[in-house]
Amino acid sequence: MFEITVDDAKFWKNCVDAIVNLIDEGVLEVTAEGITLKAMDPAQIAMVSFQVPSKAFVEYKVDSSTKVGLNFDNLAKILARSRDKEKLTMALEENKLRLEFKGDTTRSFKVPLLDLNAGPSKEPKIDFDASLKMNSSRFKDVLKDASLVSSHLVLEATKDGFFVDARGDSADLRVESEKTADMIKELSVKNDAKATFPLHFLEDIVKACPSDGEISLNLKTNMPARIQYPIGDASLTYFLAPRIEAG
Amino acid sequence: MFEITVDDAKFWKNCVDAIVNLIDEGVLEVTAEGITLKAMDPAQIAMVSFQVPSKAFVEYKVDSSTKVGLNFDNLAKILARSRDKEKLTMALEENKLRLEFKGDTTRSFKVPLLDLNAGPSKEPKIDFDASLKMNSSRFKDVLKDASLVSSHLVLEATKDGFFVDARGDSADLRVESEKTADMIKELSVKNDAKATFPLHFLEDIVKACPSDGEISLNLKTNMPARIQYPIGDASLTYFLAPRIEAG
Amino acid sequence: MFEITVDDAKFWKNCVDAIVNLIDEGVLEVTAEGITLKAMDPAQIAMVSFQVPSKAFVEYKVDSSTKVGLNFDNLAKILARSRDKEKLTMALEENKLRLEFKGDTTRSFKVPLLDLNAGPSKEPKIDFDASLKMNSSRFKDVLKDASLVSSHLVLEATKDGFFVDARGDSADLRVESEKTADMIKELSVKNDAKATFPLHFLEDIVKACPSDGEISLNLKTNMPARIQYPIGDASLTYFLAPRIEAG
């Protein structure tokens, strides 16, 4: 059993949004240290690993580790009803998760628990060749540019900068960001790295990153990419499989 | 025959919006005292009673009482074209209602009259047990919360406060507003009162109430609710039938 | 071959929007003097004539006159990705048009050229009877009013003012703007002029005119109307065929 309170319900809303953009259902693991979730998207192309330490909460009572299977789609809609500066308390009650918003009035939602298999137990180990930090809204803009021309895009990092290519019937696109560009906050490259990714997944992955935030991107040629960003004290890590071109 | 002028066309727009949210067609009764309308929604679940005294208008010439059958849907679209600080003059002309907006240009819409039966002649008499005044935008928020989980909701007033319950497959909701909550402006309860109402109708009824306005709610167990609010000098009164649970 | 640079990509975006609202494909003629386009809409009811002089560009190198067939729909979507204060360079490259946006990063779109017949070579010569200049947003408002009641409207200019009529099942509309109205910036009438036009085309034609801009309108009874407005240094001229009522 547990009883966990967030000082500002919007924080928890933002965390759940970052998860629900990739998966509809998943299992939160609640332990004395904090809350984690690892899950693959239904198509098994992307993985999300979510972690938030107990210190992110104003109240955090956890008797024993608990797995909480949830419909995140439903949860996200409820959390979207958070009002400014409301406290949110989460607790298990009669095989349901109770979400109690406390402001001028008290609003309690009880959502049924789902009996789900836990997600993958660990993250893939990849010895990445390139590591970048980028301005979030600039990177989102690049994805929007690419979405005009194709459903896939090539991400490439070299010692000179970061490059995006997309090819389609209506146009071809190349975006060149030199390592000195404002968009690039950090660039560290052992070997040139280049891979092709499905655009739609990338859009879903970065959607919940605040516009003024920073996105970390790790690349290795024809290997999954790792994308990371924080939401307050929580950390979101995503892995996205590349599309390997035939031949 | 009549010729009636509103100083600010937006006022009349807001009145018609409050009517059209419930009914598509209806009969305005224009008398020396003012304009009234009583109508049932097509499903006969809700009733609207609209009243605006002649003093709400800068010019009000009515030779004889007149019934004006109108397509309110059409009228609302025309009134949505009101611009700021335009005068609106309404008059009968060749079996049409002329709406003349006078600003920098003069815009005259003529809409056909409909041959409709007048609505119900009087409001139901109910000896209500509970009477509340609520902040409009807060109450609308509660309806949005409830719409996440069900198409019906239970409204309950006791000496302690105001309570809303909704139950659905995705979640159950309970909203508790103590009588001291900011949302509750007045609460007067003779006997506890509790009834179930269709959410969609409640949403339509309160839609036209200004966000900073106050909504009056009268309840009696398993009896219709009365919902009232003013729009300027006009008053809107709605009755909404409860859903009686079997057994 | 050519290489042409706009100081602010948004300017070129606005020009292309004014063209694409009427046609999907067309041929830009690039000469030493500037860029022009003449095209009929697919239904042959409206014509657009676009002209922008070379001085509108910060860099303008044109070796020889060139015709550039383009999908304007596609081009408009790419130009909608312009960011504030980006330079845009356009050049031909391997049978494609390269659009290079230069800001913090460099974004190059290459779009295929289309093999299209050039448009009409000249504008119709009409000895108009009435000439007006109108506030753009006011005129757009009148079109919105008319769209409530009909798909066609009558435009009429006399020495007294400018009049719009529309008739439909739900309502009839008459808008009267005296020559002294704020909406009318200039009015010069040799003979009364009156014609009926398809509303949808008028809406498309004025859509790209800035809200604080001025629209010139020339009328002659039952003849095409000429509508003109500038976008920066560029000029847009449209001709719209009237609907001749039978009988």
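Letters A, B and C name the chains as they come in the text, with residue numbers starting at 1 for each one.
Here, contacts are C-beta pairs under 8 Å (C-beta built on N, C-alpha and C of every residue); 3 or more make two chains touch, one makes a residue touch a chain.
The structure presented is a predicted model; accordingly, all values stated were derived computationally and were not measured.
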Is the chain-to-chain touch network here best called a line, a ring, a star, complete, or other? complete
Between chain A and its twin chain B, rotation from the CA superposition, multiple of 5 degrees: 120
Please work out the Cα centroid separation of chain A and chain C, and write it as a whole number of Å. 44
For chain A, residues that touch 2 or more chains besides their own: none
As the complex stands, chain C meets chain A at residues 71, 74, 77-78, 81, 83, 96, 104-112
Which residues of chain B touch chain A in their complex? 138, 141-142, 144-145, 148-149, 169-178, 181-183
